Every structure is written in C-alpha cells, then in structure tokens.
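Here is the structure we will look at, set down as structure tokens.
Order of writing sets the chain letters: A, B, C and D. Residues in each chain are counted from 1.
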Amino acid sequence: MGTGDREGRAVLSDRYEAVRALTETLAEPLSAEDQTVQSMPDVSPTKWHRGHTSWFFETFLLAPADPAYERFHPRFAYIFNSYYEALGARHPRSERGLISRPGVADVTAYRRHVDEAMGELLDRPADGDRPADEDRRALVELGLHHEQQHQELLLMDIKHVLSISPLQPAYRPSIAPIKPDASTASLRSGPGWWEHEGGGAAIGHRGPGFGFDNESPRHTVHLAPFALADRTVTCGEWLAFMDDGGYQRPELWLSDGWTLVRQHGWRSPLYWSPADNGGDDVPGGDGGPGGATGGDGDWQIFTLSGPRPVDPSEPVCHVSYYEADAFAHWTGYRLPTEAEWEVAAQCRPARGGFLQLDTLHPEAAPGTPFGGVWQWTSSAYSPYPGFRTATGALGEYNGKFMVNQQVLRGGSCVTPPGHVRASYRNFFPPSARWPFAGLRLARDLEGPR
Amino acid sequence: MGTGDREGRAVLSDRYEAVRALTETLAEPLSAEDQTVQSMPDVSPTKWHRGHTSWFFETFLLAPADPAYERFHPRFAYIFNSYYEALGARHPRSERGLISRPGVADVTAYRRHVDEAMGELLDRPADGDRPADEDRRALVELGLHHEQQHQELLLMDIKHVLSISPLQPAYRPSIAPIKPDASTASLRSGPGWWEHEGGGAAIGHRGPGFGFDNESPRHTVHLAPFALADRTVTCGEWLAFMDDGGYQRPELWLSDGWTLVRQHGWRSPLYWSPADNGGDDVPGGDGGPGGATGGDGDWQIFTLSGPRPVDPSEPVCHVSYYEADAFAHWTGYRLPTEAEWEVAAQCRPARGGFLQLDTLHPEAAPGTPFGGVWQWTSSAYSPYPGFRTATGALGEYNGKFMVNQQVLRGGSCVTPPGHVRASYRNFFPPSARWPFAGLRLARDLEGPR
Amino acid sequence: MGTGDREGRAVLSDRYEAVRALTETLAEPLSAEDQTVQSMPDVSPTKWHRGHTSWFFETFLLAPADPAYERFHPRFAYIFNSYYEALGARHPRSERGLISRPGVADVTAYRRHVDEAMGELLDRPADGDRPADEDRRALVELGLHHEQQHQELLLMDIKHVLSISPLQPAYRPSIAPIKPDASTASLRSGPGWWEHEGGGAAIGHRGPGFGFDNESPRHTVHLAPFALADRTVTCGEWLAFMDDGGYQRPELWLSDGWTLVRQHGWRSPLYWSPADNGGDDVPGGDGGPGGATGGDGDWQIFTLSGPRPVDPSEPVCHVSYYEADAFAHWTGYRLPTEAEWEVAAQCRPARGGFLQLDTLHPEAAPGTPFGGVWQWTSSAYSPYPGFRTATGALGEYNGKFMVNQQVLRGGSCVTPPGHVRASYRNFFPPSARWPFAGLRLARDLEGPR
Amino acid sequence: MGTGDREGRAVLSDRYEAVRALTETLAEPLSAEDQTVQSMPDVSPTKWHRGHTSWFFETFLLAPADPAYERFHPRFAYIFNSYYEALGARHPRSERGLISRPGVADVTAYRRHVDEAMGELLDRPADGDRPADEDRRALVELGLHHEQQHQELLLMDIKHVLSISPLQPAYRPSIAPIKPDASTASLRSGPGWWEHEGGGAAIGHRGPGFGFDNESPRHTVHLAPFALADRTVTCGEWLAFMDDGGYQRPELWLSDGWTLVRQHGWRSPLYWSPADNGGDDVPGGDGGPGGATGGDGDWQIFTLSGPRPVDPSEPVCHVSYYEADAFAHWTGYRLPTEAEWEVAAQCRPARGGFLQLDTLHPEAAPGTPFGGVWQWTSSAYSPYPGFRTATGALGEYNGKFMVNQQVLRGGSCVTPPGHVRASYRNFFPPSARWPFAGLRLARDLEGPR
C-alpha cells in the first residue's frame, strides 16, 4: 500500500465530511416543523433529503461492502428510497410530508450512524483488489455529487415551503439586499453577444474529473453559426415583457404553456406578487405569491430572506421553460440549444467565487455563462449518441428520465461550490418553476449551414 | 354585586382552566413534527387545533369585549378561522398541513396570550348589564364545549397521522391492552333488547344545562314500536360479517357505499390490517392500514398505543355509515333513528366513569346507550322543526352543515368527560371512517303504528 | 277463466301500448345524433332510455316467463342494465354516450321485438296459478311506471343535450310562449297560505292503485302547526333574490352549497343566461348557459323550444336544493318537509289536466300542490319506518339510493299524465339542477308542539 | 393569361375535388351515430373532421379572398376552429362529442357550400397579381395536405370509437384478413440492417414539392455510424417481449412510461385482448380492449374490420413511445433518431402503392423505410435550426406544439396516398397509442465519432 493511496483516502474522507457537513449547515436554520412540510408534490421535506442522502450511502456503499453492516432501521429503506424500482417498494413521493415519524432527531441519529460507518469504510486500506477499490471510490464520489444535488433541492424546496406560510418567514435574514447602485440604464442597451461561426464541435464530458453518465459519451455535433447573449435576462426586461402583455398574448406561447397560463392564472414569475398587497392581503393563486393578480403598481419578490421589492438589475428567476420560451419569442431572439451553450462555455470558464451559497439569491454574473440562475435551453433531455445506462439500480439514476424534460445549463446561486461544469446537464419538466431558473438569449448568425 | 356572582365567576374560571389545560395535556406526547402533519384533508394538524380553539375565544370574546384588546398576531385570524364566512378570508382547510410557521412554540405563546386575557375577563365583575354579562358567560360556555369537540378531533386526527407512518408509532404506550378474559362466548347469543312501545315522545334539549343550537327546539315525534340492542356491535360480529363476504356482496350496500367499497378497496374497518403482514410489508390501500387486502389469517388493528391483534369482544370502531348500514342489512335488523336512540337514552343515563380519556380505545359499555363508540343512526342530519340559526357568525356553527350528513349518538372513548348528553347530535358525512364510530342495532316490534 | 280476467288483460294491454307509444312519440323529433349524445354523466342518451326500458320488460317479464324466449341480442343485457348489481356486469353509466352502436334503428328493432313478445304474454290467459298471474300483472305495472319515469328523464336529458349546442336548437318549436297577460303585479303580494294545525297524521301510500315500495308503509307522523304556500316561487321572485345578492351572500347558503356556487360560478338557475349575450357570444360556465356571468340587463332562458326571455310570472325551475334552501332562507320562510307537503296534498287533489306534456315548460298551477315543477323538500330521502326492500334484483329499485338525496314532491310539466300522487316520492342529490325542480315555501305557525 | 395558368388551375381543381371526395368516401360507411361520438378527449367526431376541414378553406381562402363571401353559419367558426387562438373563442376540444347539432346532414350541406365557393375561386383566372395568386395556390395546397392529415385522423378516431362498443363492429368488412401464408420462420432470424458510416448529412425539406414549415430549413447534422433495421418490429416479436415480462419489468421502462403501465394496467398494445375472452366477456381497462388482463392463451386484435386473431408476421401497431422504447431496451438495440431515419430514407424511396387505403391495417413493407406503421423515433419534436413560424394564425399550425412530443417517421396504412415524404415529421405525445404507430430498431456501429 503506497502513500498515495493513503493520501487519496484522506482526501476523499475530507471531502465526504465537508459535503455531509454542508447539508447539516443548510438544515440548521430550520425548525422541526419546517423540516416536515411538503408544500407540493415536487417538494420533499428537509428531513427527507437528509435521510435520503444517507440512505444512498447505506444502500450503495455500506450494505454491499460489509455483510455485517447493521442498517439503522428496517423501514428506512422503504421510507428513504426515492425512485429506484430495482430496490423494492417505497413510500409514495407525494406523501413524504404525511409522515411525522421518523422525526428530525431520528434523522440526525441516522446521519450519524451512516457517517460513522462511512468513516470506517473510507479509512480502511485498499484490500488489494484494485478495481473493486476504484469502484468504491467512484461510488463515494457519486454519492457526494448526489448529496450536492439534494443540497440545491433542499434550498429550492424550503423556499417553496416558507413562501406558502402567510407569515412569509425568512430562511436567513438579510441575505438578499437590493444593490444600492442597481441601475437599469445598462439594461436598455441589451446584452452583448458571444459569436460562434458554427461547424463541427465536440460536446460531452471529457474528464478527468467526475461527470454524470448523462454527460457521456463525448461526441460531435454540427452547429449553424450563432451568437449567445453575454448575460442572462433581467427582472427589468421581464417587467417590460409583462407590461407588453406577455402573459396575455397566446401567439407568444407554446400551446401547452398557454394552457398552464390560463389554468393557473400565471401573471408573473413564481414568488412575485404585487407590492401594494402589503402584508395584509392574501397572495392567492397557484404555487404561492407568484399567482397573484398583479395591480399595475410595483412588484415584490419572495426570497430566502423574506419578501422585498423586485430589483430590475438582477437575473429573472423562477420561470418555467414555457415562460422562458415565450419571452424569447417576444424579443425576436430564441433560447440556445444545449450544444450551443456548452460550446460557448468551453472557452469561458466560470470566474472564481461565482457559486458561494452566501447570497442564496441570484446576482448578475457578467462575463461568464455560469452562475446566478440555471438557464433553460431549447433542447429536450435526450440520450447522447452511444449513451448506455449503468447496470443495476444505479442505471436508474439519470437515463429513465430522458423524456418530457428540458435541459438547463449553467448553475445557480444555490448550487453548491464545485458541483457544475461546462458539460453538466440539469433537467426539469417544462412546467417547473421552483428551480432557480432563468434564461439567456441566443440568435442565428448569417453564414453557411 | 352578590356573592353568587363571584362564585359563578370562579366556577367558570376553574372550568375554563381545566378545559384549556386538557388540550395541552393531550398535545404533550406529540413532537413538533407530529403536530404539523395533515395526513388527509379531513384531518387538521394538532397545532392548528390548539390555535383555532384560542382564536375562538379571541374572536368571539376578547375582541368584542375590549376595544383595547391586542390581537396576538394580525395574520392569525386568517390562519385559524375554520369556516366562518362572516369573518372574512381564511386559509384553505386542505392546506393546513402546508404551513410550517407559526410553529408549535408560537402556538403555545398564542394560547398563553389568550389565556391571560381570558383570565382577566373572567375575573372582571359584572358591570351591571346583566343580559350582556349572561351573554358573555354563554359564549365562554360555548367556547369550552367547542374546545372539547376539538379535543376529540385532535385525538381522531393524530390517530390518523400516526397510522400513516411506516413506523406505526404509539401516541401513548400501553393504553389499549387486550382484556385477558375477553370471551367471545357471549357474542354468539346476540345482544339483549330494550323495547319501546312507540307512540308520541319528546326529544331535543330541555336544559337547564348547556346544549348546542342543533338540539333545539324540543319537540314531539311519533315512534312505531321498536327495540334497541343493549350493546354495540363487536369486532367478533364484524369478523363474521367479513367472513360471510360482507365486503363483496353489493346487495347489502347502499349504492353510494358500494361505489366506495370498490373505489377504495375497503375490506375491513379503517385501521385493520392482516396480521400476517408482520411489520415488514407495507399496508397499502386507502386511508391507511385498513385498506390492505386481507389474507384469511388474523387481523391486527392500529390503536393509539400502536398495532395489536383485534379483540373480538370489543366494540367495532372506525366504520363508515355505509359499512354500518350494510352490516345491519346483513343481520336482518336495522340502524336506529336518532329519535329512537334518544328516547331509549332518556331513561338510561350514562354510568359514572364511562368517558375517561384514559383508555383512548373503545371498550364495551354494557347497560348504557352511551360510551365506547359513537353510533351511526339512520337519520340524516336535518334541522328540528322550528330550528333557527343564531344571527351573526355563530349562526354558522351548526346549521349550515345540515345536509349530506348522518347523525351519530352516544359518545366515544375519546370524547371528553361531561361533554355529551341524551340530546347530543354528532354528525359526519356517511363516508367518514376516522371518527371513533361503530353501531348499535335496532328492530321493529309488532304493534299499532 | 272469467270475463273480468279477459277484460283486465285487455286494459293492461292497452295501457302497455299507450305508455310504450308515448316513449316513441317523445323520441320522434330527435335525430340519430341527438339520441346518441350524453352531455354530462347524469344524462343518458335517448336511445339508451328507449333500450333500457325495453330491457326492463325483457329481463323481469319475458325471460322469466318463458324459457324459450329469445333475447334480441346477447350483449344488450350488458349495455342496457342501469344499476342492477344482481344482474351482473354492465356498461359504465358515464360512458353511455361513447357507444355509437347499437344505433337508433337497432334500438327501434329491439323495442319492436320486445313489444311483440309482450303482446303475446299479455294476451295469454291466466294459467290458473292466480298468485303468479297477479305477480306478473304487478310487474307489468311496475315496468310501465318505470317507463314513465324514463319518459321524464328523456325530456330532462335531451333538454340538457340541446342546451349544450352552440346552435341552441329547439326540441319542438313554439311550446313555451310567454303568456301575453303575464303580470308581475300579483307577485308583490306574496303567496297565500294553506294552514294546518299540526298533530298526528298518516302519510304513505294507501292504495288501492299502484305505489312504489318507497311510499310504504303508511305510518303516523307528528307535525307542528305549519302553513304551506298556495303556489310555487316565481321567476320574478327569483330575480329579486338575485338582485339582492342571493348568489353572493354565503350566510344564506348551506356550506356544501356555497362551495358549489364558487366552484361552478352559479349566478342564476340552470339554463338562464344574460339576454344581452345575443346569439353571438358563448354562454360559458358550468352545465350550460346558466353558468354565464350575468350582466345587469335582462335574462333569457333556454327551453325545449329554444331560448326566450324569462317570464317573471312563471314558476322558477332548474334550481338545486342548495339554491332552493338559500332562497327560502332569504325570504325568512323555509322549505316544507315531505310530510307537511303530503298532508297538505291529501286534501287538495290535482286539478284535471295539470300534466299534459303539451307545454313542456312550467306554468303556474294555482290552487293545487301539484304540477308545473317538482318541489324540493327539506326531507332527506330515508326509508319509512318498517320499510323493507323487495327480494331479488328489484329490491335495488329504490332502497339502495336512500342516502345523500333530498325528496321532491309534486310533479312537473314533463311528468307523464297519471304518474304521480300525493304519496309519490321523487328524489335527487341536492346538487342536481337538470330536473324540472323549483320550490314552494312553508312556515311555522304558533301553537302547541 | 397563359395556357399554363389555366392548366395549373385545372390541375389544382382536380386535386381539390379528389381530396375532398376521399374524405366523404371515408365517412360513407359511418352512421350518424358513429359520426357523432367522441370516445376520448383525443378523438374528434367524424362530422367534426368533415366540418373542420371545410372551415379551414372558408377561413383561410374564401373569407379573405372575397368580402362578399357569405359564411354558411355564424356559429360554425366557433364550432369548427380547432386550436387557432388568433381566430377567437372556440368550442372546447374535449366537448366535441357533446354537440348533437349541427348534425351530419348539416355538415354535408356545409361541405357543399364550401366546395361550390372553392370551385369558383379555383376557376377564377389569376388577376395579374402574381404573388397573391401564388400565395393563394399555396394556401389551397396547404388546405389539401391539412385535409389529408384529417383523413388519417378520421380513421384513427373512428377505430377507437368502434372499439369502445360492446358490439365490436366493423368499419368495413374483410379488410384485414390474416395472410394465409403468414410464417413466423423469418422472424426468428431478426431484421437485416441498413448501415450508414456516419458523418455530416443534410436533412429537411428540399422541394420542389410541398412541405410543412416544420420540415425546414434543410440543415446539416452530424451522425455517428449507425445501422437501421430493414423492417419494422412484428407482432410475433412483441409477443416474445410480453412473454418475457416486458410489461412487468420496470428496469426496461422510462419512468413516466412505467407510471402509465401501472396506472392504466397496460399489458399489451392498444386494441389487443385475450382471445379466450370470447365475445361474452367485457374487455375492460383503459382505452379499449388493449387494457384487458391477458391470460396466457392467444390474443385477438380489434381492426377496422372487427376482431380477429393476432398475426405474428404483421407489424406491431398502436404502441406508445414508452412501449416502443421499452421494447428497444429489451432487445439491446435502440430507437433511431429522426435524422438517422431520414438519411436512410433519402436513398430508399417508397415503393409504388405502399399506401393504398385499401387494407386499412398494417402490412409488412419489406425493403422500404415507409409504410405499414408510423415509426417512433428517439427525437423530441423540436424546431430545426433557423426555423421560424409563419405570421398570422397559420403560424400556429405546427410551431406551438414543439414540446412534450416525439417525432414519428414513415407513414401508415391509413395515411392517404401521396401525403408523406422522407422529410415528413409526424409527432404525438409519448403516451399516445391510438395512432397507427409501431417501431423500427437501430443500433450503433463501431467507428469514428
């Protein structure tokens, strides 16, 4: 056994501890009541996220690695399995908020139990079976990236939970102040454009670091000449869209999107409400304050630090694919494909510190394709040419969702640091509004096809 | 001001404190998570019950009595109004479990705030305006009976919440042991019968004590000769009904009931499940364990002290009106009308101690029409001749529910002591299974009509 | 065999032919398309009514009477069984309009087939087995009353079907002209009152003629002194209710009713729409034109002869129980119980010719409790004391619907002549608006209870 | 005016008459009842298709061309508008079967009215305004292709309507006999493969003939080396999939697909039912006979000539995208992308007579990518790079549906002759089973990416 191996173990151990600790830090401001509520079927309770991510390590690492491993509780496999059919029956997703027990303290004990066993496992020297050992490291890596995904979900979800309360409480105070020098002047000029001459290009994960299976295999695509906006769309621009009847003009919308607009009474992004509502009236409508019928006055926005006025200079967020597409239609531009986005991002790496989890609210991130908000693309979430799912239960991780979803690229203000890359493919149904998602415009350039 | 007045105030104060304290005692074994969950639309979270009963005193006593009274929180009127249209907008009933804040501690503080103000109010000497003073006493009395109703609801509701958890937790351990000498021998002989010769009779509240508006006015009814069973139907008798295909024979059922049987897969009372399920399988179906497909083995029942085998000698409980009616049909007897039940109960007062809140599980109560389980009657819940609703918001208390419901009589093991009487009219939709409701048989006697 | 027997047979034969012929007369104005459509789950296609009434005779008379009887088609028992569980599987009620075949011509042939066999059966001399023979006559009688019920349903249903068409077609032209001398003067004075001093009274069917099982047994009820209005409520009075915010004031409504008002946007009786809608706009809302948002102008009403202005002097029709109850609440009076109505009707027989099927639209019927519109009572549909269902499939005729319904009394302009009597109990769910139902007010009189 | 112009007009006139006449020929075997029913929301009544296609010419040609054109009926624009938001309110799609009038005869008169006016318009010499004249010809062309699409829909829809009837009637007798020499021998060997070396390729409509907007612009794609099966999957192969537990193994399915399998009880393609069902039992389940629980015996299939046994040698049909994908997963191959299909089809034109509308049931079409059944591709329906919708109402024709749908390629046995081409893009939601859709397998070839 070499030193490198020991160091490698230590590095992975440290990373394990850091990622697991961040989950607990994120849950800290939340009461037992907060951690229990499921405010809509898409949302999971905080305590479920905390349990499920532990179950992942227990199921895919601890139980297979050691026949003597004692599961924390015989029913937890039923309660904390998310969607793995190969692993047997599971508690229905839409009923996660109906379970009061296990409670928050039980979940904390569960996490400790798993962390202790994982600590031992990560400390154990390689048993000479190099491939098995590498498989195990890969699984730990996967488990950590999985947990990071749930860290973002935890924040998305708790924002929705808190937004439902008539008290409009803050997750953390003072995280999203309006920039004092916010100026709408620059908005009028529109974005700058990153141009690309088109032709063949390679997209997909190249390594050597971690990548999910859905980012592979790397392959060639052919692009027509295009340009990508150098910033995401702002709230100020979105207000102009609203003022121009954006939510009242069917000709701007995809048919399914228009159906939702009428059905749910959408008039603004999720979490927006007319500011003159004061704290005294009840924001109604669908999915929280955003459903409210707007007056013609100002708008306020619900953030993880509570409600405050809309800042026209910040990226618009919490719009569905349908809204993003209608907006693009309105501008005369369009949404980019995921391949266009990735090619543009390959040569424009993220700037340091763009993902800090300190603001928890989207800020403008000029000059980088990443950051602030996830960006809807016009690409349906499909397998790359040559894509194969893994065998066993983990084959269900990504592949079985490759229909009825759109790809989002970039990362957001609630994405954990170090989690994303140019080839990262996020995906949600086109109707989803609770992700921290906005958009970036694209346009065709003249040139040979 | 006379001594009697002061004594009267003291008595009412003591009663106020005792009733309010019981609510807190009932909530004590429950975690913050338990108090937050709403496991189905009919259920309300424990913390909501605790808040709503306080809101009742705040709204109908404190705010009208003193213009300087300071409400605990401006949004609580919205959150804790149950169904009073006259009092403005309110949080949707089916979404009470989506609110994590106010939390349990906030509700505790709210109760304290209201109790302090009520303490002062109850202490205040009559201001000479005798009618107003009596009105106020009547409202306090109403508020206390209202809170008692919610004490029973709290227990009904938390039983459903806990039953949903795959952990099948107990509310309080060891409250529902099986009687060691439970014998089914007596069951085979069937019940004894209390006979009544029929003719004119008076039913309805007579006073002088408290009665809800729906028990008035007292009036004459004409009864045909009938007999009422001297005990409620037992689990053993229900098992015989099940064994005889009770849940598979449409000819026994009301049409709407049969629709529910098929739709929800009812095969037993709510909270029953096949005992051979062990703790390892998942009781599926609708509304908890009761929906499970029964094997032909034994049955277990979920109680407020967790699961245990069915005891054939105890009253059957948690059946809907449809099931009660089908069972009666199967026996060849029938359900009593509410008038028959009341006339029989008038001369057979409850025995001391029949309602203790110590078992929290139905026990046989031979020789009294009260106790153990509520008893479905064949009477639809309708206004008595001459019934008038009160004016103002309190007119909504009972009258507006007088359609699509059946009357239940008697009281149950979770009805607070001193809450019921012979003229008491409980009511639920015929599909409701989560009340502690069973049945008592009746039959026609020969004789002049 | 006596002459009386032969004459009895001839009388029954004639009646059979007359009733069966009336069904065909009613279907005559309807195209094959009209006879196929099911415009809501409660409605059945005309061709289904024509088939089902024939199936009734085939199933309960022809097949049992003669083992050699050849059924018209092996699948018709599945298609035309309405709700008899004892007779096996049946086509789902809500999908009757999805079946294009058998078509109208097939159903006509089916009716002919059944009529021929019935002709023979009715002609056949009694075989000496007197009780069996009388049973058979009773079944024929039942079949004819059953067919009459479906004649009314056919007209109710086709009115709904035609009302759905944007063309607003007439079933028969010119059947519902406005009375030229319609005067609202008399309305302002309110109705006269038939007083009753209360006490014991007998209700229920007494014979010797036909009565449904649910009208029996005749029994004693005790009534408080009451008065019954000598006419039904008019459209003019209903307009006053609407003008006074009747559909906007929750305090007037039963809780379940108010839920429907908001859910379906009820603002007027079914089939009413604002007259200024012209023929060019689309009456929206729930269940046809009645759901339209009213302007403050005049109202038009859809009749079986197409749309025309509301006539304030005619009885209001197509209101649910909830609306009838809210209206009564608004007036300060109340709805009668079914016992009150029946006692009042016992001494006020219907005037000749009040039910003619020639108008097909409600007209005022002063001086009689019958006619014009069915009248909602405050009585839930329950079994009379001592009621027993028949054995066999026919036991399902009435008894299994005795929950969640309200009793209506009187008869309407689409009730076939000779079909009703003082003891007749019609019933519908309280939400039903497509029956020809209105209301008659009642009030308490002072006096001994 | 030149001769060419007159000839061009004559050609177009002839084509107009031929296409319009085919619609009427297809409707001929259908009764008024058949033409009225809408058996599920996706289905439209035959008379609606006949009216809507006429409305298309009225709206986009006749009304704009001649201000004096008199519309057949003022309400038909409301009734027969399908989904064009720009053209105002329209009758709800899911309620097309609730309208009995206009009836079949009214629609026939409407078609005649439109045809006469179109005859005059098509006869009218060009007015010198050449571009306008060409626009008009293009619109006529579009209207005819539109009508052809509805001819296929009419047949898809009526198959579903007839399948719902317990009588299982035939649209036309004897159109789908089993081939006497059907042999399954060839099946065991699997398909042959058309190989393609990959690299850049051009897809999309090239002209000069008609193409829909969604086929443009023609553009370059980059393909990895692949092979396409030289025939579609057969019923025999599908039976093997079923026998191997295809409908019981979640690991084969997309997550959304598996949800549908369980929700609707899918066990076979739509229109399949266990043959031992005889004619006596009722095929239940979702969307017709296909939902039935299969025994392990033989299967029968409902065709436009009624039920008959499954023929293992014919192409499998009426499967959803989810089923097609699960099947491909099971084989270890995959579905092709639409680009792969198109590139393969470019060099393999359809053989003469492959689309005849005489069989109305899929037959094997060896050696051509076209014919028999539409073929699901793995491509989501998205805009081609550079795609722009037309301005005005016709911009809604295709573009607004470009989400939540999968592309199908090829054409089927109910596609009118001359309607399809290599660049043709059909599309349906992945759950749709009532199109005549099957699948063709593809696989990756080794080689440079």
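The criterion applied here is as follows: a contact is a pair of C-beta atoms (placed from the backbone, for glycine too) under 8 Å apart; a residue touches a chain by one contact, two chains touch by 3 or more.
Being a predicted model, the structure only gives us computed values, none of them experimental.
Engineer: Going by the touch criterion stated earlier, list every chain that contacts chain C and also contacts chain D.
Structural biologist: none
Engineer: From chain D, which chain is the farthest off, judged by mean CA positions?
Structural biologist: B
Engineer: In angstrom, rounded to a whole number, how far apart do the mean CA points of chain B and chain C lie?
Structural biologist: 38
Engineer: How many angstrom lie between the centres of chain B and chain D, each centre taken as the mean Cα position?
Structural biologist: 58
Engineer: Could you put a whole-Å number on the gap between the CA centroids of chain A and chain B?
Structural biologist: 46
Engineer: In chain A, which residues are in touch with two or more of the other chains?
Structural biologist: none
Engineer: Kindly provide every pair of chains that touch.
Structural biologist: The list of touching pairs comes to A-B, A-D, B-C, C-D.
Engineer: In the complex formed with chain C, which residues of chain B make contact?
Structural biologist: Interface residues on chain B, with respect to chain C: 83, 85-86, 200, 217-224, 250-251, 253-258, 321-322, 325, 337, 378-380, 382-383, 385-386, 395-396, 400-404, 406, 430, 444, 449.
Engineer: Quick check on the complex: what are the chain D residues that touch chain C?
Structural biologist: 31-39, 47, 74-75, 78-79, 89, 91, 95, 97-104, 161-162, 164-167, 169, 279-280, 282
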